[in-house]
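Below, each structure is written out as structure tokens.
Each of the two complexes below includes chain A, the first together with chain B, the second together with chain C.
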Partner chain A sequence: MGIILYYLRKLLSVIKNEVLVLPSRVVVALFFLFLLLLPLFTEDPYLLRILTLTSIFAILAASWDLLSGFTGQMNFGHALFFGVGAYGAAMLNKYAGIPPWSTIPLGALGAVLAGLVIGIPCLRLRGTYLALTTLAFPIILMGIVFAFPDLTGGELGISGIARLARSRVANYYIAVVVMLGLCTIMWKITDSNTGIIFHAIREDELAVRASGINTTRYKLLAFSLSGFFAGISGGLYAHFMRIAGPSTLEVSMSFQVVIWAIFGGVATIYGPVGAVFVLFPLMEVLRFWQDYRILMFACVVLLILLYMPDGLFRWLRDKTEKECPRCKIRNVAMRHTCRICTAQLD
Partner chain B sequence: MTQPFLQIKDLTKNFGGLRAVNNVTFSMERDHILGLIGPNGAGKTTLLRLMTGILKPDGGSVRFMGKEIVGRKTWDIVNMGIACTFQNMRPFRRLPIIANVMVSCLSPRAMKRGEWVKRLGAKAMDALEFAGISDMALEKASTLSQGDLKRLEVARAVATEPDLLLLDEPFGGLSPAETDLMAKSIKRLHKGGRFGRLHSEGPAMIIVEHKLHWLMKIVDHIIVLNFGTLIASGTPDEIIKDPLVIEAYLGKGGI
Partner chain C sequence: MERWGKGILILAMAFLFAVSSFTVVSGQDTIKIGVIGPMKFVQGQGHWNGATMAAEEINAKGGIQVGAKKMKIELVQADSNEFLNVTDATTAMERLVTKDKVHFIVGGFRTEAVLPMQDIAMENKKIFIGVGAAHDELCNRVARDYKTYKYWFRGSPFNSTFLGRTSFVHLATVGAILKGSLNIPKVKVAIAAEKAEWTEPLIKGGETAIPAMGMEIAGIWRPSPVATDVTAELSAIQRSDAHLIFTIFSSSVGIPFARQAGELKIPAVQVGINVEAQKDGFWQATRGMGNYVATMNTYARGVESNELTKAFVDTYVKRFNETPTYTADTYSVIVNSLAPVIEQLGTLDPEKLIPVMETRVHKSCSGTVAYLKDAEGRHLHELRWGPGFLTALGVQWQDGELKGFWPNKWKPAPEAPEVTYKGMVPYKIPPWMIEKYKK
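Entry: the complex of A and B
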């Protein structure tokens, strides 16, 4: 009992001293709570379905950010990882009868291999050249998919694969918990020593090499990690939709990810995740105006990027918080002195 | 027979039809500071880049502590003990200054040598302290002045704890007072000792510099390049009297 009380007190002190001090942290905590507690209040199938898909795509958007936002390896063919994860999981389930809890990680390992297949020839490329080369890979894979319809189902895809879980709520919880877990892992990676090297590679690769760091290894690591996380989201998608089709490899899917990431704020992890939670449901809301849906979507994205070029969530964060000029700790915008070093903030 | 610390033999590099480095041969000892001078476009920076693997030579060899380094990757060379700074500073602009140095501290060589210090940030701070910019550790590198960026370059190179340090115009863009301070720092680093948690044995150095007045004060030996060819080699006193060097800098009328 004493130990429970000790940890409870510790938790309360962490909430008070670490979470409640910054609006962004409060929002993240509420977001976690909202997602985890929502099924207790409603089991509306439409809402749960939208949020399940949103969670799956949030993993995809964050994985793009890890590779292109943090490491600067501009990937315009991120659908490749998603497609490989989806097709890998679907084929393993359909032809080998393996259950979803192992097809999804195995499909993700396939996506890691795809990451290495892209990463190795692209090591010498940068910027536009890299972007255009990566764009080609999902198109090539789609050609392969159409070339072997007996195995891949051709244009119809592989359908009738096992459900992620039996109930909608279980599906929802699997997607949400995996999303929260993987996004936290991605955020921790970017916050680690490896993350510093990823940042530095984006800034100036030659200078990183001259600092004694094997940039090839780190770039391949970024491709593999990003591939793994995107592959997980692909596998989840395939088992949730019970189909893995060529739409997972479409160019529009690759660009959708880029739009999400830029909309939310590149090189943040939380930005792309938040952006998916805004834009994906927005597309559903705009269904009432079916003919102009895409136009409206484009207008929203353009307006946000026009006035918030660093992304919506970075803009919101900068509006609600300010950095201490002395210790660089973030504070609520309303404060006049830093909460740590008491330096003047104005 | 003992191997020279650094031995460069017949090193050649062409850029299309231009021969930027032409059969350069020299060697240096472990305890020396070597000055590398020459007029603009003489091939000094190219020579440094050949030594760090950033550029691949068309011919010749570079042996460092008995090992051939031509053909090795830049990071391998740095981990063998050769660190360099860039003439045009290349900071990671959007990262804090301390993170700029932490990247060097994360190199395998620095990690191995600093095993007894687990705290990466502390090691990076010591390198910044040596360079004299530790008070700005948390600022973004984009906020630094030219002079401070030079210091950051030196801090990043020092953080790998090199045996040979290649400094490309370390006094460029510095005021006379800053230049004096940097010259003293370089001398102090060469002497060796402990700089906080960094344990320097005093690296050998090759310094490319145009401010000859300051350079002469700190180097033991100078080599002079002109049009990619080594035209003179000797002590600072010998070099300033060498007619070929005077001609390279001032033209024939200068003699």
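Entry: the complex of A and C
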């Protein structure tokens, strides 16, 4: 009992001193609570479907940010990882009868392999050249899919694969818990020493190499990690939709991820996740004006990017919080002195 | 503080707006039919136009008699956006089923999207009549797992195996006409198929069927589905001395292929599948150079598969100023398939409707509808193809008008009676071909 009370006190202390001190952390905590508690208030299958798909795509968007936002390896063919994860999981389930809890990580390992396969030849490329080269890979894979229709289902895809879970609520919880878990892991990676090296590679690769760091290894690591997380989202998608088809490899899928990430704010992890949670449901809300749905969506994205070029969530964070010029700790915008070092903030 | 207040107000309004858009009020005394399709494209427009005509016609008569009360039809449109986004299609279907609470669903087009859409409808035990997707797998699922997939029926067109069979019949028909009229001893066929996976079985089938028909394959050409210049392919076809071009096009390449063949006066006739040639705008798009191009189709002005066709086509043309395509068969699905069974049984309960629907033989605007069973006697909910049932049409552009030329005295078997639909005209050979071959 004493141990429980100790941990409870510790939790309250963390909430009071670490979470409640910053609006962004309060929002993240509320976001976690909202997603985890929502089915207690509603089991609306439509709403749960939207949020399940949103969670799956949030993993995908965050995985792009890990590679392109943090490491600066501009990937315009992210659908490759998603598609490999989806096809890998679907084929293992359909032909080997392996259950989804195994097919999803195995499919993700396939995506890691894909990450290495494209990462190695792309190591010498940077910027636009890298972006254009990566753009080609999902198209190549789509050609392979069509070349072996007996195995891949061709244009039809692989359908009739096992569900993630029987009930919609269970599907929802699987997607949401995996999303929250993986995004936290991605955020922790970016906050670790590895993340700092990723940052540094993006800013000045030559300087990183001059410091004795093997940038090739770190770039391949970024490709592999991003491929793994995107592959998980592909596997989840395939088992939720019960189909893995060529649409998972389409160019539009790759660009959608880029739009989400830039809308939310690159090199943040939370930005792309938040963007998917705004934009994906927004498309559903806009169904009331079906004829102008895509146009309105485009207008929203353009307006946000026009006035908030660093992304919506970065802008919001900068409006509500400010960084201490001395100790670099973030403080709520209303404070005049830093909560840690008491330096003047204005 | 005032700024924060404004922000909170905007957020509250956005929340209310979002909540309201996720909430749908449903009418109780109406039969709600969800019409799902790619509404920004002609296929989806066809779905909606056909369903609109059906609803207007039924509602003008007071509705459908369901037991003691008359219920009007209320259509709910869902843009599946399936050509661009399969995920969008599934959420549209989920909304129809769980928010709009429709009783029945008609539509769907792209098979990759229809498969997950089908799963959603089946999970919710809603009758989903497909109008557009032709893949066999959609109906094979019914046979494999009847308990789950029995709510699916194919409405139009018949499956891709039968589509292939029909196009080979057209090929044989035109080949026989060429042979007879131009005294060509052995007709040479060039296969022109767009580079797409769906054309593969037809090409493979052609490689076996064409020699079996007593014709010779001159070669196979595979232009891109979106090619804008096919003169290289056409020149090669001309050099191969082909008399007949078996086209397998569903994309925009059908227009440049027909136009440039007309411009170059290639001495070979086109027959097969050219989806662009099924549309009224084809004549203008090819600037009249698509004259004599033949394709498979479901409807043509002046052609009657049965006594229901004329009224439907005429009303459709009058209302929408275009000839209906097969996705407009949502009309027949509602008027001829669903409504009579609902009236007969006086219920909207799918469990009671399905046993009647799967065994009922009835007329629709494009022929007689009956559902097939597989070799093991299991229900497929697959449309029956053949004389007396659904056959589709062979149509040809003749001086700016799309005319029907098949079935015209068609004998499916030597001992079978001839089949001819009302309004058929003789097939026309282009004059430049007659000039070249008629001695």
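Annotations
Note that the second predicted complex is superposed on the first by the 346 of 346 C-alpha atoms of A that agree within 3 Å, B and C clash if a C-alpha of one lies under 4 Å from a C-alpha of the other, contacts with A are read in each partner's own complex, and residues count from 1 in each chain.
We adopt the following convention: contacts are C-beta pairs under 8 Å (C-beta built on N, C-alpha and C of every residue); 3 or more make two chains touch, one makes a residue touch a chain.
Predicted model only: the values in this text are computed from it and were never measured.
In the superposed model, A:Gly235 lies in contact with neither chain B nor chain C. In the superposition on chain A, A:Pro39 contacts neither chain B nor chain C.
When the two complexes are overlaid on their common chain A, residue A:Pro100 makes contact with neither chain B nor chain C.
When the two complexes are overlaid on their common chain A, residue A:Ile243 makes contact with chain C while staying clear of chain B.
Ranking chain B and chain C by residues of chain A touched puts C first. Contacts of A:Ser159 after superposition on the shared chain: chain C is touched, whereas chain B is not.
Chain C contributes residues 17-18, 21-22, 39, 77, 79, 84-88, 90-92, 94-95, 98-99, 111-113, 115-116, 119, 135, 137, 141, 196-198, 200 to its touches with chain A in the complex.
Contacts from chain B toward chain A in the complex involve residues 52, 54, 73-75, 78-79, 83-84, 86, 90-96, 99-100, 102-104, 106-110, 120, 138, 156, 159-160. The residues of chain A lying in touch with chain C in their complex are 44-47, 49-50, 53, 146, 149, 154-157, 159-160, 241-243, 245-247, 252, 281, 283-285, 287-288, 290, 293.
Chain A contributes residues 193, 196-197, 199-200, 203-204, 206-215, 327-328 to its touches with chain B in the complex.
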